[in-house]
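Next come the structures, one after another.
Okay, so subunit A shows up in both of these, paired with subunit B first and subunit C after.
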Partner chain A sequence: MAYIQMTKIYKIYPPNVVALSGVDLSLDKGEIHSVIGENGAGKSTLMKILYGMIKPSSGEIMVNGQRVQITSPLEAIKLGIGMVHQEFMLIPSFHVYENVILGQEKSIAGFIKKKQAANHVQEIIDRYGFKIDSNKLVSQLSVAAQQKVEIIKQLYRKADILILDEPTAVLTPQESDELFEQIIELKRQGKTIVFISHKLDEVLKISDRITVLRKGQKIATVENKNISAAELAKMMIGRPLSYQIKKSQSKPKREILSVENLSVRSRKSDKEILSDVNIYVRNGEVVGIAGIEGNGQYELVQCIIGKIKPDSGRIVINNADVTALSIRERRRIISYVPQDRKYVGLALKATILENLIMTHHLKKEFHKGFLSLNWKKAKSHAKDVTKQFEVIYRDLDEQPMVLSGGNQQKVVVAREFSLGSDLIVLDQPTRGLDIASTEYIHRLILEMRNADKGILLVSADLDELMQLSDRLYVIRDGRIVAHFDPNEVDAHTVGTYMLGAAG
Partner chain B sequence: MIDLTLHILRATLSSATPVMLAALGGMFTYYANIFNIAMEGMMLTGAFFAVYGSYFFGDWAIGTLFAVLSGLLMAALFAFFAIYLRCDEFITGIGINMLALGWTTYALRSTFNVKGALISAKIVPLPKWRVPILDLFEPIGSIISGHPFLLYLSFAIAVVLEIVIFNSRFGLHLRATGEDPEATKSAGINPIKIKLLATVLCGILSSLAGVYLSLGYVALFSENMSNGRGWISLAIIILVKGRPISILGLSLIFGLFESIGLILQHYKLAPQFAAMTPYIATLFVLYLYGKRKRKMEW
Partner chain C sequence: MRVFRRVAISIISILTAFVVCAILIRTQKSSPIEVYRALYTYGLGSWAAFSSTLNTATPLIFTGISAAIAFASGVVNLGQHGQLLMGAVTTAILGVYLNIPSWLGIPVLAVVGGFAGALWAGIAAMLKRHYEMDEFISTLMLNFIGEYFTIYLATYPFLDRKAYVPATRLIKRVYFMPDFNGLNVAFFVAVFVLVLSFWYMKMTRQGYESRMMGYNVEFARVGGCAVESNSTFVLLFTGFLSGLAGALLILGGTQHRFMKGIGANFGWDGVMIAIIANNNVIETFFYGLFFGILKNGAIGMEFETSVPSEFILFLEAIIVLCVVGTRSAIEYYSQAIRSLTKLRKVVAEK
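Right, the complex of A and B next:
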């Protein structure tokens, strides 16, 4: 008998959005069970139903053969089900132990014995071999350590089943390996683990069984024996994965962007966020910046765009020093896809048309008279680029809010790539996108590269960087610590530099 | 001169009390991340109903009870609109403050047939406590002893809350709710419940601030008696980021400014100008705070 049996789970959001359509899932005690699927396939929804965060429209859940109604996370915890979310549910200003005990505090007359609580949490941390100090503030921990705190939180609540929602999305290869060891240790101590992912190699590495979801339906549950990544991918996206990036050798001739001795000091913490950064981008190449988030890559991009004024150093674009220029002046020569597409990349309350014409409106050809824009021309331009960049929309006068994440990003990319600038700065261009959109944007990036543009690509996705970059810088603590040809190194080596573990 | 200093210091404690009580009330909503500006209105209704109860029943305790009930009503109103219906917290707060002003003014005129202020021997004030041990040590005794008991209670509440906020389950849940309600919810705590509780506690403490105004400070009710003290309490809360013990400290500073202002009225200074002192102090402290914060940013 299965430990947990979910039967014919439906979730329909009115009026007619079907998130899950009759999904079955069974979990055995002590197994590592992966649930895979594209973004929007329903993995998270299914798991949130098991964790009591979402109420299913219909369906049945059995735990140990008993039919149960899981109406809240509290209920789930009582049944021994714990979940580690993709977005951490931690209070940054709290200590590790406070986060762990939150909601399940042992108290005398309402007061908590802090020292005892911290010691108790430390015992759990040590028992499972995590290396974390229960007295540290969560805000001081790395992302990987915060994730461990989430796991410890569930262990403190005596969870027997741990649902991990895309736990490796935010980790370096080394950190992922460490997490896998931890997961196997948890399994050894009798825990059941549900591993949600879309990274197939990881899934194949640690799972006992794999369940594949696609568009809200369960495609199959398979034993992890004699199955290949290609077969899984086919089940996952319904067609074979076309996507094998092939690049010609890049033949750069001239420098497009050159960042020289750039330093930025934060007035808040008086720490150097960028120290003496030197990078260059030439025409016809993709230059990647790898690094664990928060190591200065965001600030580097902001410096190039002009949002942050550097304390020292120079930024040269097309042989002209732009260090003193305003954002607006720079935007005439830079195409820029920001990491926050909702609030920086787009104006969500403006129309799709207006979003597509922004920045282009600075060009003379879109002016009409002294103050007005040539809307007719703007519209035909918008139609052209949406066609060229495969943006799917109903009406240009609608707000970009109605578009899917992938299409929103395509609006930004269409606007920026059609500017025709020699320099393209991309900050996390595919974050949170489904596989098809990601694949499409990757293809566009290479097209731009082949059209002789210089591309600076900042990404947290190391695979993406390894596939697309012609050259790769690694940034750590605001310094460029390595400079590679990605063909000559593997992801693990890059990871070592990202972590600062290399000599 | 010594007499004057003693007088100012004594008045400082008294002036600090209502502002501190309201700030401690607002502290709960501050930690729960509710933008609550309704302390002013809650204080004003508290002040009115304290006088109402005391006048008709001849008992300060019943006055206090009435005040607390009115505070609960105001808190319930705020919670209904801002938390249950999710209306804008700021607008709801303004509504509550205007309702309080209109309602108490109307009730004063229609119940007691007076305009401006109700002064009556029938209003029984809060009893004053002498602290026998302190009386032995002059001049400390003459500063600290002989205030209405609510003053001592308020200072005790400030200290107790400092411990509650940082060492109790409720304190942990409250701060967690304010910082990230989603994360708090996932820990099995109902953030809505915590927010409701914070609002109710704010209502109770703010109405007690009103009780101190109308039955402790003096024994009368006048229109718009709270006179901006709720806003000052808000400024205090924001300045000290909610910390109860710092609220106590900053309230004393504002108390000092207010009592100096009151004293200045005896010295040919226009009373309107004197009345401005605490607000000028507020602006001054805000300036220092803003300057420090600006330095911290990019």
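Right, the complex of A and C next:
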């Protein structure tokens, strides 16, 4: 008998988005079970149903052969089900143990016994072999460590099943490996783990069984024996992946961007977020910035587009010093894909059309008369680019909210690449995207490079950087610590620099 | 299609509100039919009633559109009340002393009143721009200051000693705004403002930027919109509209002078109307008319039935709640029904 059996699960998001249609999933005790599928396949939805966060439209769930109604995460925890989300939900100014016990505090007359709580949490941390100090502040922890805190939080709540939704998206190869060791340790101690990832090699590395979803349907559950990444990809997409990325030798031309001696101090603490950064990008090349999340790459991008004013140093684009220019003035010459498509890249409640003409509206060709926008031109432009960039939508008046993640990102990329700027700044352009969309965007990036654009690519995905970049900088603690030709180093070496372990 | 749906939803919600109110009126031992008949007769029943309804609705349309444009742009201007009063007092005082011909004087006085409102909002705009002070707080506070400042002006320096309440003197008769058969020209100004506002929001580049700021200000900023100067402009423009409402209240209304309480509740009603109308300027206009009918009809209700005037305010509140509540309920259940039918279909196809 399966430990957990989900049968014929349907989920329709109002009014009519079919996220799951008749999916079965069974989990055995003590297995590592991966769930894979393209963007919008329904992985998160299925897991949120198991965790009681959303109600299925129909279907049933059995735990240990007993039929259950999981109406809230509290209920799920009582059944031993815990989940770590794609986005963390920790309070940075709290200590590790406080975050762990939050919502489950044992108190005496309203007072929490801090010391006891901290000790108890530390016990759990040690039992499962995590290397974290329960008395540290969460804000002092790396992303990888914060993720562990989320896992510990679930263990504290006595979870027997741990659902991990894309836990490796923001980790370096080393950190991912460490997480896998941890996961295997948890399995050894009898926990059941559900693992979601878009990276098939990871899935093949640690799973016992793999369930493939496609467009809300279950395609198969397979044993992880004699199966290849290509076969999995084919099941996920419904066709074999068609092309391989082939990169020609880059032929860089004149310098398009140069960042000189850039330093930024934090307003809160007096710490330097960026110190004395020097990089350059030339037309016709992709320049990668590798680094663990939170080491200054975000601020570097913000400085380039003008959202942060540096304390010292200059930014030169096309031989003109732009350090003093506003975002508006800079956006006339920079294409920019922000890392957060939902909150910065798009206005989810405006129409697709309105999203597509942002920044374009600054250009003369979209003006009509003294004050007006040329909506007719805007429409035909939107139709052209959605076609060219293969955005799938029903109506330009729809909200981007209803699009799948991959399509949302395509809207952003279509808008920015069609601006025609010579400098393109990409911040995590494929984060959270499935294989097909990722490959598609990779291909576009190389197309742009071959069309002699200068591209700055910031990414947490080292494979992506190794594949696409012509030159690669490594940033750590706000400093550029290395500068490579990616053909001459391997991912592991770069990872070592990212972690600061290199000589 | 989308427009039709919205109109249908609005009508159903309003009908629901009337049903709920009917029940409440019954509990007060009055006849709902009589009350509604009075409401109809005095709100719509004749040209006299209808034109007077339009006159009543005029200031609501201005303050409503002012709030709608501000909210749709992500600018929380809640200072319509103060801006209206400043516009009214400026026009009222100038109207006593200004000495130019009528055809020039009326537009000049109206525009100057508008600028007074813009200036009042401009204080909030300046505080926002230079000290990053939230306009939500500053416009609210300026309401209080505006209220007492204008009362002070009408009580001391510009008091008309012959009046029974604190009030300024009557403006010159040449500046009275003409009316056609009872319908004041001010209403046509309101229609013009509606068209202008719609054009600004939907067609112009700055209107586009403003709406995008309302949807997601980070998106707009990073996309290159001039967020700061647009916010300032929106504050000034919506302040202007509220000030204009006040100016026209003096030029076109019935008092032709500034007196305590002339601002009534126009500011807050405007905010409320904008919220009911989802910050859409056209819907705001129609809800403004609807509230005009209620307000005018309410006067009739008081004449003809035993329902006390306090009950009328109560009914207004009930109507707002019902409209908003019913609208969400309709959306919620129609979505639930649609997803259920979809589920049936998907299951059947399997």
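Here is the rule we go by: the second predicted complex is superposed on the first by the 413 of 503 C-alpha atoms of A that agree within 3 Å, B and C clash if a C-alpha of one lies under 4 Å from a C-alpha of the other, contacts with A are read in each partner's own complex, and residues count from 1 in each chain.
Here is the rule we use: a residue touches a chain if its C-beta (ideal position, glycine included) is under 8 Å from a C-beta of that chain, and two chains touch if they have at least 3 such contacts.
Predicted, not measured: the structure shown is a model, and the values here were computed from it.
Novice: Looking at A:His85, would you say it contacts subunit B, subunit C, both, or neither? Reply first, second, both or neither.
Specialist: First partner only, subunit B.
Novice: Figure out whether A:Lys114 sits in contact with subunit B (first) or subunit C (second), or with both, or with neither.
Specialist: Touch status of A:Lys114: first partner only.
Novice: According to the stated criteria, A:Glu354 is in contact with first (subunit B), second (subunit C), both, or neither; which is it?
Specialist: A:Glu354 contacts subunit C only, not subunit B.
Novice: Which holds for A:Gly190: it touches subunit B only (first), subunit C only (second), both, or neither?
Specialist: neither
Novice: Which partner chains sit in contact with A:Gly65 here, subunit B, subunit C, both or neither? Use first/second/both/neither.
Specialist: neither
Novice: Who contacts more of subunit A, subunit B or subunit C?
Specialist: Comparing subunit B with subunit C, the partner touching more subunit A residues is C.
Novice: Touching subunit B in one complex and subunit C in the other: list those residues of subunit A.
Specialist: none
Novice: Sort out for me which residues of subunit A touch subunit B in the complex.
Specialist: Residues 53, 72-74, 77, 83, 85, 88-94, 98, 102-105, 107, 110-112, 114, 153, 266-268, 308 of subunit A touch subunit B in their complex.
Novice: Could you list, by residue number, the parts of subunit A that touch subunit C in their complex?
Specialist: Its residues touching subunit C are 10, 12-16, 18, 21-22, 57-58, 305, 307, 327-328, 330-332, 336, 338, 343-350, 354, 357-359, 361-362, 367, 371-373, 375.
Novice: Provide the residue numbers of subunit C that touch subunit A in the complex, in ascending order.
Specialist: That would be residues 203-206, 208-209, 211-212, 215-216, 218-226, 334-336, 338-340, 342-343, 346-347, 350 of subunit C.
Novice: Which residues of subunit B touch subunit A in the complex?
Specialist: The touching residues are 163, 167-170, 172-173, 175-176, 179-180, 182-189, 295-298.
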